[in-house]
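First subunit A sits with subunit B, and in the next complex the same chain sits with subunit C.
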Partner chain A sequence: MSAIDRVTDPLERFTQAHAARMAAAVIVSVIAFLWLPIGVLVFMSFADGGVLSFPPDELTLRWYREFLTNDAAIDAIVTTLTISIPATGITVALSTMIAYAIDRYVFPGRSWLQLLATLPIIVPLVVTGVAMVLFFKGTLGLPDYVAVVIAHVIRTVPFATLVILPTFLSFDRGLEEASKDLGADEFETFRQVTLPNVFPGVVAGGLLAFTLSFNEFVYTYFVKGSGDPTLPVYIWNQIRYNVTPEVNVISVVFLAVAVSMVLAAVSITRVELIAQR
Partner chain B sequence: MPESPSSTDEPADGSGDELATDGGSTAGVDGRMSGLTTYLRERPRLRTLAIAGPPYGILVLFFAIPLLAMLVVSFQADQIGGAWTLHNYTDFLTSETYLTVVWRTFLISVQVTAIVAAVGYALAYSIVRFSRRTTLLLLLVILPFWTSYIIRMYAWINILQSDGVLDSLLDLAGLPALGLLYTDTAVLIGFTYVWLPLAVLPFYASLTNLDGDLIEASKDLGAGPIRTFLSVTLPMTINGVVTGIVLVFIPTFGSFITPRLLGGTNNIMIGMVIENQFKSAFNWPFGAAIGMVISVVVVALLVVAMRLGGGLFGAGGETA
Partner chain C sequence: MSLLRVRGLTKEFGDLVAVDDVDFDVEDGEFVSILGPSGSGKSTVLRMVAGFEEPTEGEIALDDVGIVGSPPFERDVNMVFQDLALFPHLTVAENIGYGLKQSGVPADERRERTEDMLEMVRLEGYGDRTPSELSGGEQQRVALARALVNEPALVLFDEPLSSLDRKLRQHMQGELQRIQLETDTTFLYVTHDQEVALAVSDRLVVLDDGRIQQVGTVEELYEAPESRFVADFIGDVNAVEGRVTAVEDDGIAINTGDEAVTVPRTTAEEVAVDDAVDVCIRPFQVRVESADADGSDADAPADTDGTFSTTGVVRSRSYQGSDSQYGIETDRWGRLSAEVRSASFEIDDRVTVAWDAADVHVYRRDGDGSPGGDGGS
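Let's turn to the complex of A and B:
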């Protein structure tokens, strides 16, 4: 025991003395690790001299101009939006219903609903992607567009539910009782009392669902046929087969979408909610 | 489109309401809706069904049943609807190549999980115990997670390739180039990068819930910071640790993007074999069988994790 103490005591004292400094070092270095690659992407989008040569000789806006005149890239963005926007709407509706049902009602299969709404996060994307292409295309023969929108809904519902459910659970139901005591019926109460209170959570859930759908790759890659790639599929093809400097610009587009959506979501709810993953 | 039928019915008689005030027209909707809600209130089962039914149905039809369909197809020969067979499994399980791939995938996943758990826990601990600007730091940690996975991998291609950012900087410092792209190290870095934010969150949550008095008590009783950490903090936050480990291990085990983009031709992982079955070999039943193999590994891990006390399914629910 004392032999161990002789080894550990100096360590303990060292840790005690330098804990705050060590913590600061960890925070700074890990956050630098997380952000430096993103900084590299943004910087390289202004680099002259084409793809992947560092350091660049000159900075330029040339690749941004080329991106704006590249129909394939713009089409990919439009394709992505025609999928992400309806998928987000459906997801918000479904997730709100799930949150409402789990919060308000006790029914057989309630825990199954919660499990089903969580599982898509846990099952590896490649497994669900395979299952979806087999069932959507092989069994049901769904058209590409419908299959991809459904896939995006399945991908985004768990995340939206994770954000929306806590806002329902933390909502003070005494307010609803008060509304009803004052003569409002159930629907009026929902519209005038419940909805305004859970609205920020619902919007935040929608913003994150949109972000996730805009970035969605694995399900789309499996479920979708070859034509009309979404932006993530387009960029995957670019990276795998012919990298052009535009890829850096598209990276910045992704970054801008993610940062603005997440900041908007955080600004209307608590960061811990978004942080649930 | 699988839309819920309720709550969106606009008044069809809107034309007659043109002169009515805003309040007037919504009163019409309210009236009808309150008729509906009264009807539903008297039938609580129907009411529950109307709210829980649509999402339930969609998750079952488009998530649960496809997984079952995958199980069924994995027992069919050559194509969907082919003759029943066990060949997909026997072929896979007797192939030394595939078993090697599974073992390598497992080893990489273990390494990634260990690195991410250690670094992520250190970060979460530092933020919770030593920083006052937790909101800002948490935001800085999670923001990269919400950008495109492929883009984040592409960033590392920029950095790690020969003559990339890293090698150029090393060159400036007079050090030899590393040329890390297409190596195991690149794959480890890539995975660590994408999963770190994901693991920090459950660590952070469990550390925030930890009662600080317990740590003070341990120190009052004479334990140093390391002993306190090992005998109080870590055991008290084991649920968060297990959740984080599960959240990192499972997607790593099934991943194909990172090894495809950052790994070399000898860094094949099991997810890439599946991708191959669906994108070039076109043997769907065999791909389905491999999907089942991954699922079995995942379920086994989840069972172990639940035994150890990971609060996975309550995530975001009752704990909030």
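Let's turn to the complex of A and C:
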């Protein structure tokens, strides 16, 4: 007698009997709603027509050429990188230190640090955005660039910490004892033993931080003010007035950057893990 | 002057006294084992010598220089860890050369000494592999080489063989002895496994519940255990309950249920008349002979001066190569075990069991005589 025969509640019976099909339906819908529009977007970036009409008359690389000669778009990418690269560096350093502290030390406020580091994930972006405008620009009077970089760091630190922390928690502290036993002091032990072993996690955290920062829109839009737009803000500005096929192209470029970053993160972590086995 | 001198070493973790006033020495070139059950504090002693734990009280001196308070990386000792702790991100050669690199040995000398070590532990040509590509026994050798290559004054072992199967463990024991002799290094080895400890050590430090029970050579511990714990822990022992009936200058009279038998004074702890005692005898010192088949007890042997004896029935036997171990249900003392070399008995045979009073060890029963302490380590 299988478990399902003992269930008497009809709803429960239905759930038990059709759980697999229901799960499949949910997965298919999620994929459809998430990826179908993206698929259409990618397809439309090759469409010849000047407007968002489906299906297109002809396929072309014309919009890609236009994108490459569009100085405003290229400037937007450069602007984004000048923010994302330093923001990623700061985030990786901060997150690594936070993860190390949470892993190693029992100190007053340890659980608070853990909470504070990850809390920004659940605070509504718009609320933090408004708060940062008030504080960074109103109260502190920081320049736009500094304020945006800080905003990106705040946005990315929680995610990077969540990625980096497990590699610290799973690291065998016995290796550090072995290193010290063999004559390496605290710093050399961290450099030669701890860091190489947590490195995959740190790299993965950094790639995630970069991707998030590169895509960041809400904070940037609030804090950035009237300066050069970042790529997401540039796209937003374009699409507000009319949807050009070039926006499709930029979106595809965007997607490619994000996906390749994630893939890079995954493969680096994997490769390192396999090497350790 | 001893190479390692430990005096009054005490370690408390909160209310728990893990190591309690421990004194011992290790001489240059010795192989000393600290033997004790789980939770006896033996690993804590080792970790204090290595510098991973700070003693609550006491002194540790290496080459006559106090080392308490100095960090592990400044101590001239190297450890072979229980889980080996080989660096997974480095090759075998890099693992072995790690200590030399830290002390600034130039790369070519490092390579040469690493090669020599690989040869010493019989892993020539394994230098470029990663630890994960090696078997358990090979990893043990790498861990050993990584400690030895630094030519430390003292090598510490934290039960590194416990994860190996019996055959490989015995092989590695032999290797350890060979390497210790070849490198002329001093070894301090911690284990709960008396078989390993007896096989490899020059001297043993028996620890229980954080306290030293006895320090001595294997022979001393086996032939003259100072406590019931040591008697039980080092080899097998039979214990028979008795009561002291007289204490005299040349011996102690003990009644184990029949006539009192006088045992030599030298084997006993301080006892007084009416004390409850355990009379302990090694299985190999128990004599077993066939009794009359008719089962008549008419001429059953009784205790006489100089001999303990009774009758019994063979309940179990197991071959152990050259001799056999018998479990005998005796009429007066319950189940005893005996190792017999020449004779052969069948199960249910009636036998007489006897041993000389001169061979026994007598310990006061104070309820805390058995080895154990099954607390966590």
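General observations
In this section, the second predicted complex is superposed on the first by the 237 of 277 C-alpha atoms of A that agree within 3 Å, B and C clash if a C-alpha of one lies under 4 Å from a C-alpha of the other, contacts with A are read in each partner's own complex, and residues count from 1 in each chain.
To be clear about the criterion, a residue touches a chain if its C-beta (ideal position, glycine included) is under 8 Å from a C-beta of that chain, and two chains touch if they have at least 3 such contacts.
Small disclaimer: the values here were computed from a predicted structure and weren't measured.
Following the overlay on subunit A, a side-by-side fit with no clash is recorded for the pair subunit B and subunit C.
Of the two partner chains placed by the overlay, subunit B and subunit C both lie in contact with A:Glu188. In the superposition on chain A, A:Lys180 contacts subunit C only, with no contact to subunit B. Of the two partner chains, subunit C is the only one that A:Asp172 touches; subunit B does not reach it. Note on subunit A: of its two partners subunit C and subunit B, the one contacting more of its residues is B.
Once the two complexes are laid over each other on the shared chain, residue contacts for A:Pro196 go to subunit C alone; subunit B is not touched.
In the superposition on chain A, contact of A:Pro229 is made with neither subunit B nor subunit C. Between subunit B and subunit C the least C-alpha distance in the superposed model amounts to 8 Å. Touched by subunit B in one complex and by subunit C in the other are residues 185, 188, 275-277 of subunit A. Subunit B meets subunit A in the complex at residues 1-4, 30, 33-34, 36-38, 41, 44-45, 47-48, 51-52, 54-56, 58-60, 62-67, 69-70, 73, 80, 119, 122-123, 125-127, 129-131, 135, 137-159, 161, 163-165, 168, 193, 196-198, 201, 204-205, 224-227, 246-247, 250-251, 253-257, 260-261, 271, 274-275, 278, 284, 287-288, 291, 294-295, 298, 302, 312-313, 315-318, 320. Residues of subunit A that touch subunit C in their complex: 172, 174-175, 177-185, 188, 192-193, 196-197, 275-277. Residue ranges of subunit C in contact with subunit A, taken from their complex: 50-52, 71-73, 77-79, 81, 83, 85-89, 98-99, 102-103, 130, 132, 146, 150.
Residues of subunit A that touch subunit B in their complex: 8-9, 11-13, 15-16, 19-20, 22-24, 26-27, 30-31, 33-35, 37-38, 40-41, 44, 52-55, 86, 90, 93-95, 97-98, 100-102, 104-105, 107, 109-110, 113-120, 122-128, 130-136, 138-139, 146, 149-151, 153-154, 157, 161-163, 165-166, 169-170, 185-188, 191, 208, 211-212, 215, 217-218, 222, 232, 235-236, 239-240, 247, 250-251, 254-255, 258-259, 261-262, 266, 271-272, 274-277.
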